[in-house]
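Labels run A, B, C and D following the written order; every chain starts at residue 1.
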Amino acid sequence: MSEWAAAPAPFVRRLLTVLGVDELGAYRVLRVADVETPEPQPGQFAMLAAAERWGGGEDERPYLPRAFSIARRRIGESHFLLEDVGPGTRRLCELREGDGLWALGPLGKGFSPPPPRHRAILVGGGVGIAPLAILQDALEAGAETDVTVLLGFRDGARARGSSLLHGAQVATDDGSVGHHGLLTELLSKELYRDSRAQVYACGPAPMLEAVRAMCTTRDVPAQLALEAGMACGFGACYGCAVPKRGGGYVRVCVDGPVIDASELEGVSEHAGAAA
Amino acid sequence: MSEWAAAPAPFVRRLLTVLGVDELGAYRVLRVADVETPEPQPGQFAMLAAAERWGGGEDERPYLPRAFSIARRRIGESHFLLEDVGPGTRRLCELREGDGLWALGPLGKGFSPPPPRHRAILVGGGVGIAPLAILQDALEAGAETDVTVLLGFRDGARARGSSLLHGAQVATDDGSVGHHGLLTELLSKELYRDSRAQVYACGPAPMLEAVRAMCTTRDVPAQLALEAGMACGFGACYGCAVPKRGGGYVRVCVDGPVIDASELEGVSEHAGAAA
Amino acid sequence: MSPPAARPGADAAVAIEFCGLTLAHPVINGSGTFDAIAARRAFGAALVRDFPFAAFVSKTITLAPRAGNPAPRLWETAGGLINSIGLPNKGLDGYLAEDLPQLAELLGARADAAEGPVPLITNVMGSSAQEFSALVTACDERAEIAAIELNVSCPNVATGLDIGADPRQLAQVVGACRTATRKPLIVKLTPNTADVPACALAAQEGGADAVSLINTLRAMALAPGAGGERGPWLGGGTGGLSGPAIRAVALAQVSAVAARVAIPVVGMGGVQRVAHARDLLDAGATLVAVGTETFRDPVAAMRIAEDLRAQS
Amino acid sequence: MSPPAARPGADAAVAIEFCGLTLAHPVINGSGTFDAIAARRAFGAALVRDFPFAAFVSKTITLAPRAGNPAPRLWETAGGLINSIGLPNKGLDGYLAEDLPQLAELLGARADAAEGPVPLITNVMGSSAQEFSALVTACDERAEIAAIELNVSCPNVATGLDIGADPRQLAQVVGACRTATRKPLIVKLTPNTADVPACALAAQEGGADAVSLINTLRAMALAPGAGGERGPWLGGGTGGLSGPAIRAVALAQVSAVAARVAIPVVGMGGVQRVAHARDLLDAGATLVAVGTETFRDPVAAMRIAEDLRAQS
């Protein structure tokens, strides 16, 4: 498979119209009408802000736009998976059909296809499953790859999010659904079965770090979709820095969000998704 | 007539429920369910803020509560007359039945009854007619007084506000309704007819100043309901000062809003209502 | 934000020792943001019964009476308020003769007599060490005054800069006041300077028992209109910014000062909710003061004190 | 805020002369708030075609490379953003060798060739007069650089205070840089000091062609959590406040400085809409810079420039 193409983002925030916000267990799926957006590379994200009442919440927040993985593209639609963890996500979860949404994107560097004759293992934790959904679509469009999906959640309400992908093996911390335990236990089994794999991971920092460590020791290539607090999303503020191997930092918004595990010494506390 | 009693305001913002916002030409009448509020003195005001979305407008305003004359009391209801002149009044005009409204009051020093054997002439300009409505109720409750109502407006849409009172002679700047010209021309006629009168006035600063000057020269007692930018409404911020006769300032919120014309050398630019 | 219950009593969990005074809780008012006498006119006996502040700080008193600045005195800006009030006050003699007895009576008549009167902190400003010590000397003689706060955000007539912005001058002023009283001396620092901790240290060396900060940030607004002929909106020209907009600046200055001085710190600036008070206390403040938020909700301080108690 | 049309050309109504440079309009970027090279990666040719700023100011460049501060680097606060980025940059040599050619190509390739390239202003910071003049000397030799901005909000290693907060030091630094170049020198003043106009005058006496202000206000945030063990949220400890919260402070400082200096002033701080730019211009600024608002809307500066043109 050749690289997945990434077109540059339009140089303007676009005012999109909300088609609906659907419940998905503890999460919400935000669907917006979106015709002109160039086809995103799986793993790319958009900076979103409600057109109305963005700001004026507790402590006048939210103020800056928020970053969200493009979870899925359908003809004329973009989908985002939301978890309410604060004023910005809360406001977006409140959106109703017909509301306006400012969107800038697609932004950042997404996933690349697996090396020839490698299976793909998608490892997603919590809301971090979002970019893996569109990745699964891309991998299956490109037929030949064998795709394994491993998803981990804190509890049953969150585990409902697993329906965003298909054929997933699920693990939960509280054992309410699927394997009672850590996602990395499932990954370890899979790699033991057949380690000729390209791992794609997105989730909380501790999970990403565990995946990174496991893949590094077993010499399995891994692409990690990181998160970081962002102000701009296009390289302007230098706010989204995470430490890179050999010192210095990379900007998650322009050098990532997808970073090859080999570029990192470790996944630091602030570089992951909400659990 | 003895003084109209003024009970102290409850020492807490009360969360009231909006019953409705009715159109009245260019104005809106905000009706709120309000049982416990002590009976206000005519001319007193309340500090109002919407319970939701107060703030977060353009430049994050409104931030502070806004002052509004209590225009009318009905059993279990308080009415306010609103003119949309900025973010605060705009937000209040948007309120719908069932919305929450923070209210502090009744505040300030209201009108006092006319001296014995004096008729009452109510002179209101624009949204400044609000406190004259509840004043008319009080005067007519106290039977014996003969009440004359003179109201001035910029145009016909605003002149519709005159229905808040009854038996009013109306003047408009554009002549679309009633007398084509200044309110003070009507007042002058009335005083010529019978100057044994107590004048009560509220409106834009230039109008109040004209009324003050006319009453002073003709030696007619006048009570003026002033306005000023306010932060608190209860004497805490000293922001609402207007110059008083003989130097120094009075605080409109605690020494007023109703000030006797004799206490002023003039009504300054910032001491009146929106035209 | 439903109506609060009765004010917190001197509860072990929140009662606090401050410069030898025992306060029912750690929340007081910022000088010039609450007029207890006017509030009693507005709210009657309830104000006395449910007095929201653990100590009451007067507005700034000067030797001579001041009328204050011409209108307009207020401008609402993004997340804040700009004021240009101009320190109106009756002058020292008027304050001592007219206000002090009323305040003493009002603050002594609180609900829970067991707690004793709400301590009165009188805030004073002079334009020189001499003026300051004259003000302090006069306050020292009055038993109704529990402590004295020095507002040193006053322009030095020569340089035009705040006296409080210059550690040397500041130490002199505080030293002069220290010799004039044994009552607790609180120095209200100016935030409009490069090295606030150095000023706090100077106040401490001068003999201050505590420092309070932050005062308002110098700010301005232009009158609506167009073109170069637009003048300032505020009658006083420039003004002082308060409210949420200055909260993060206040936290930085309070934390820097608390790390440097040994005396207690009164932290203020944009406090609206318990979380903001918590931040200042965790940054090293002993007390927090509420200013602008009281304009939005007259019992904000009581609400915050209760939420603090609920947390502890 | 609908998508803007093509960027304003050098229209008589808004085209502006600044230190000998002709700018298409009076709106530029604040240093460190736009990375043209990264933006081109994100937005491609459109960034070059519709370049939003009348001149491009680089982020601060230092002699040695800097990695910047540990994460987290951002905190959102009431009406503003606190950043603790820590001036990451490739160092002078890396900038001149790698970035400058790319920037020159990018800024030269704008739509309306008639206007010529978008002028490049390189912002530099040293920790001493020597370092500053070394930086300026190197920039002086490069034709791609139209003007040089000195970021003097750098702590003096001895005092810990900003060099830019002390008029004497500031005049020395600017003087040293003046002898090193004939290119326009802009001094980016620090707002965290008592007498900003005095600093502006010192910059002018040192030979500055213009001053720019305001830089961010010192601020901080505490990490979520409870109790005294709460540390600062930002990896760098304290940070700088920008955005709407500082707008009224910026207007006061810009107006005070413009009233005192003869050289042009670049005003910035919380500009989000044309009304905010208008205020700064009416207060005496020649140019306005947009910083944080660009994070919310990458073409904010273009929008404001067009609204300014529509007004004039």
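As a working rule, a contact is a pair of C-beta atoms (placed from the backbone, for glycine too) under 8 Å apart; a residue touches a chain by one contact, two chains touch by 3 or more.
None of these values were measured; they are calculated from a predicted model.
Engineer: Among the other chains, which touch chain B and chain C together?
Structural biologist: Common neighbours, chain B/chain C: A, D.
Engineer: Taking contacts as defined above, which has more of them, B-D or A-D?
Structural biologist: Between the two chain pairs, A-D has more contacting C-beta pairs.
Engineer: Centroid of chain A to centroid of chain C, CA atoms only: how many Å?
Structural biologist: Result: the chain centres lie 49 Å from each other.
Engineer: Could you grab the centroid distance between chain A and chain D? Build each centroid from C-alpha atoms only and quote it in angstrom.
Structural biologist: A distance of 34 Å separates the two centres.
Engineer: Using mean C-alpha positions as chain centres, tell me how far chain A is from chain B in Å, no decimals.
Structural biologist: Here the centre of chain B sits 57 Å away from the centre of chain A.
Engineer: So which bits of chain C are touching at least two other chains?
Structural biologist: Where chain C meets two or more other chains at a single residue, that happens at 77-80, 244.
Engineer: At least two other chains touched by the same residue of chain B: list those residues.
Structural biologist: Each of 59-60 in chain B touches at least two other chains.
Engineer: Hey, how would you classify the chain contact layout here, line, ring, star, complete or other?
Structural biologist: Topology of the interface graph: complete, with all chain pairs in contact.
Engineer: Would you pull the chain D residues touching chain B in the complex into a rising list?
Structural biologist: Those residues of chain D that touch chain B are 79, 244, 273.
Engineer: Would you pull the chain D residues touching chain A in the complex into a rising list?
Structural biologist: Against chain A, chain D makes touches at 1-4, 32-35, 37-39, 41-47, 50, 59, 67-68, 70-74, 76-81, 83, 85, 88, 243, 292, 294-299.
Engineer: For the complex, which residues does chain C have touching chain D?
Structural biologist: Of all residues in chain C, those touching chain D are 75, 77-80, 82, 161-162, 165-166, 190, 192-195, 217-222, 226-228, 230, 232, 238, 241, 244-249, 251-253, 255-256, 270, 278-279, 282-283, 311.
Engineer: Quick one: in the complex, what on chain A touches chain D?
Structural biologist: Against chain D, the touching part of chain A is residues 7-15, 49, 59-65, 102, 104, 107, 228-243, 247-249, 251, 254, 268, 270-271.
Engineer: If we count contacts the way the header does, which residues on chain A are in touch with chain C in the complex?
Structural biologist: 58-60
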